[in-house]
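A, B, C and D are the chain letters, set down in written order, and residue numbers restart from 1 in every chain.
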Amino acid sequence: MQKITILIHCKDKPNIIASVTNFIAEKQGNIVYIDQHVDREQNIFFMRLESEFIHDSFTADAFKDSFRNALAAKFGMKWRIYSSARKPKMALFISKYDHCLYDLLGRYNSGELNLEIPFIISNHLDLKSIADNFKIPFYHIPVTKDTKEAAEQKQLELLEAHKIDFIVLARYMQIISSNLIAKYPNKIINIHHSFLPAFVGAKPYHSAFKRGVKIIGATSHYVTEELDAGPIIDQGVTRVTHSHAIEDLIAKGRDLEKIVLANAVKLHTNRKVMVYNNKTVIFS
Amino acid sequence: MQKITILIHCKDKPNIIASVTNFIAEKQGNIVYIDQHVDREQNIFFMRLESEFIHDSFTADAFKDSFRNALAAKFGMKWRIYSSARKPKMALFISKYDHCLYDLLGRYNSGELNLEIPFIISNHLDLKSIADNFKIPFYHIPVTKDTKEAAEQKQLELLEAHKIDFIVLARYMQIISSNLIAKYPNKIINIHHSFLPAFVGAKPYHSAFKRGVKIIGATSHYVTEELDAGPIIDQGVTRVTHSHAIEDLIAKGRDLEKIVLANAVKLHTNRKVMVYNNKTVIFS
Amino acid sequence: MQKITILIHCKDKPNIIASVTNFIAEKQGNIVYIDQHVDREQNIFFMRLESEFIHDSFTADAFKDSFRNALAAKFGMKWRIYSSARKPKMALFISKYDHCLYDLLGRYNSGELNLEIPFIISNHLDLKSIADNFKIPFYHIPVTKDTKEAAEQKQLELLEAHKIDFIVLARYMQIISSNLIAKYPNKIINIHHSFLPAFVGAKPYHSAFKRGVKIIGATSHYVTEELDAGPIIDQGVTRVTHSHAIEDLIAKGRDLEKIVLANAVKLHTNRKVMVYNNKTVIFS
Amino acid sequence: MQKITILIHCKDKPNIIASVTNFIAEKQGNIVYIDQHVDREQNIFFMRLESEFIHDSFTADAFKDSFRNALAAKFGMKWRIYSSARKPKMALFISKYDHCLYDLLGRYNSGELNLEIPFIISNHLDLKSIADNFKIPFYHIPVTKDTKEAAEQKQLELLEAHKIDFIVLARYMQIISSNLIAKYPNKIINIHHSFLPAFVGAKPYHSAFKRGVKIIGATSHYVTEELDAGPIIDQGVTRVTHSHAIEDLIAKGRDLEKIVLANAVKLHTNRKVMVYNNKTVIFS
């Protein structure tokens, strides 16, 4: 049995849902999940559908061709179709903070994440031993002002050689270049340690402390050209009080960052995120 | 234009979604919302669908007949179809606590609730002036051990005379009889002041205080024969500490009760709740 | 019996706590609450203390004199002492939104708020009937560009005539003048319908919708010269999804606003808030 | 400099706070933290105080003697005094679930936890490699019905040999004997995967699924004779919907368990927990 996940968006028109469900029925698929959303302001239709196919002759490639010809053209759809047969490949970019790394690798090791991690890249050696313990190849690619371009070239070679599907910046602490962003659009997930759009940029916990907020947060988002302004995937918050010093905010924030980043990784991996207009539609 | 909301559940089988969406397309309806759920344990399929019909000849009754014949029989569906043309009618049962009453009437007055409140029933006169201020008919029906049956008879007469669709117990504090429950199955909403199933029965804040919990809650649910054991519609929680006395828990709980009850009223009114196996499916 | 609440802040030095507790003991007071906080960055000490006095000869004024001479001078304290004998007086400023008004008046009527509301001021007549229902004097003071100064003069006269202690802007929607702010420093509480410092200014729910945040919030704060930048008293948040339109955010936000504003009113009324460096210390 | 933390509880009487703060002042200590709580129902006074001592002659033992003679006897105090000079020693009991283990060891390695972990005990070998990676001695002590007593004897020997201060059951899944509980009263921390007192005992996520709750939780508590009924230290909750299968509840629950257990470990380690009447006072 093969499971196919279809993500569609297009201008809203009558009969899209009936047309798609008919198409699936004709192909002898059984729909096990359907959800849709319409952005009324923009008049855009979004749909996510999972279907199971049991007959022998089914192939994802033939299905895609047929879908393209029969439906996509007619409705002017932008679409993606994923087969359950292939696990997505995630590259981890890290630096010196270990909490998100431990958290993701712990989940990975327990089988909680439906993905593969071909390698970890870091600009520092501090966390190499953790990668070693989890038996994941670790590439040390230092980044300085002068070597930034060459470093990125090495990164790109690794990403391409391993057919990486998406990148997770687990507190990587480096600005990603336009070039890399363009090659992985809506495929680079960052965790920012504030409740965006509050406290963009460096040292958000310090800013939160100074402003005297009563709630702090963390935000996972896709990386775009503008710093910390990409489509938000998930956010988490926790209460703080005047009694918390900056280091307390940082410690409490670590727990938020871990969970909010792991949620984003799971949503992305399970094909539950669609991006439109610098926002996300997150299917359940 | 008329909007129709359809709620369906039946044994899960292939092609239900395609069949229903086709049916709507044939009737020239435009689907504006579809969501579904499958309980894999029980193999039950649930669906909620909203469709707009613009042609002149459309009538809800004819649609229902057609749906019954064309689809419901074939798939063995249990189904309900609601037209947007009719607002549900809610009876409010209250006693001496005013916080849920103020909250619901405030929302009602502001147009937040898509329903009508033909009357309020109370076993005490304490809150009559509030009903008067909001210009809602108030019936004082005292309940004692001896008059319980006669009181309920009066309640039933009012409910039937006003064609009431559902009842909300806004801290009514009286046990509802089997007879009334049977007449309004999954149509009587109660607010219980604990995080069910913890602290069933009387004085849950006292029990929560004694147990030393760090979080208290409130639960809205449909009333069934077994006390506080009906299908849960919504729950809310808030943190407490050792420094909160019982009266503090009660005060904090009031805010939970108001919101959790109002949520349940809105979900029920918007036909977003399906009940099955003493649980609810809550569509978004 | 009289209860005295003392709020102190001063440069942190050794022996402040012992000196103050000794002073209370000498006056035959029994301390029923003590809490303190030290801002290590600024080296500022904060303390809140409640003490009960049962002997006949106790008077708050004599106590204040004695405290001033014996302690305040020595440690360079800024301090406030409140007697339980006097309830604070709150003026409500409203406009056209009724949800915070209903909420506060409902709480007030139920005895949940330990304060008096001598009057309500509004620049519109829309909500007059609510004030009437709750039997609270309502003053209609329209504000236009031309009448702004005269309107404020009328407001000030009312505030002074009624010996108002603090002002609550329950979605008043007008900018408060520097003059009024200066007369009621850290005594004007506003509710802003966003998670500050995100979405300062007008139409924050529209901005939140546009940014695609997954959590929205509300913030109660003291009004200062800079718009929406005053010391934060309380914040609340709730989850939203892509499926929520702007009007859904507004509706969900109303529930946040009510609770976050009511919390601020209770904290202020119970003398649990100290302001320092544009931040608050909130005692439990 | 040495920091002393004092925890006191006794019958509430006037002048306790003044007496204790005076005592500290006489010993030339500087109070850097004071908080208190009175259980009005039981008339019990609780206090937590931190004081810094800088003079050379200070010793914790002499201080304790002096405190016992000067204050404890007079007020009938139960008290504990801890010096910052000694880190508490924690034994980890685990079984087959790795999420709490990874989480605690990740925090430990990062320096977030102010404690030592002399060893890990498990009744299974599954997680030995994790202990090895973190270079913590791992003792495999299998437990069967027949070997339970002998196994516990081995556990006790290890606990005593290493002068263990408290035990953490990180999803250990075995009932702790009365004997062990008696030797470590309020010193064995368990994580239960439900919002206690709901769903006591085995398979709470299955029970939560069956009941159809809309919020699930986790509870850290001290182990007492009665199963899952000991004093609650911390609780956490998260929302679930009908769309979550049991395995989803389990996965979401893991994140709660990690954080709620880590919070309990930190509160216990920082001497912020007092136990009374099967409840906890948790100082900030």
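One rule holds for everything that comes next: a residue touches a chain if its C-beta (ideal position, glycine included) is under 8 Å from a C-beta of that chain, and two chains touch if they have at least 3 such contacts.
On a predicted model such as this, the values are computed, not experimentally measured, just so you know.
J.: With contacts counted as defined, which of the two, A-B or B-D, has more C-beta pairs across the interface?
T.: Of the two interfaces, A-B and B-D, more C-beta pairs touch across B-D.
J.: Can you name the chain that lies farthest from chain A, using the mean of each chain's Cα atoms as its centre?
T.: Max centre-to-centre separation from chain A belongs to C.
J.: Counting only Cα atoms for the centres, state how far chain A is from chain B in Å.
T.: Computed from C-alpha means, the inter-chain centre distance equals 37 Å.
J.: Report, in whole Å, the distance between the mean C-alpha point of chain B and the mean C-alpha point of chain D.
T.: So the centroids are 42 Å from each other.
J.: Check each residue of chain D and list the ones that touch at least two other chains.
T.: In chain D, 241, 243, 284 touch at least two other chains.
J.: How about chain B: which of its residues touch chain C in the complex?
T.: So the residues of chain B touching chain C come out as 98-99, 102-103, 106-107, 109-110, 112, 133, 241, 243, 251, 254-255, 259, 262, 284.
J.: Over in the complex, which chain D residues touch chain B? Could you list them?
T.: Listed in rising order, the residues are 37, 39-41, 195-199, 211-215, 217, 231-237, 241-243, 245, 277-282.
J.: For the complex, give me every residue of chain D touching chain C.
T.: 14-15, 17-18, 21-22, 24-25, 30-36, 38, 239, 284
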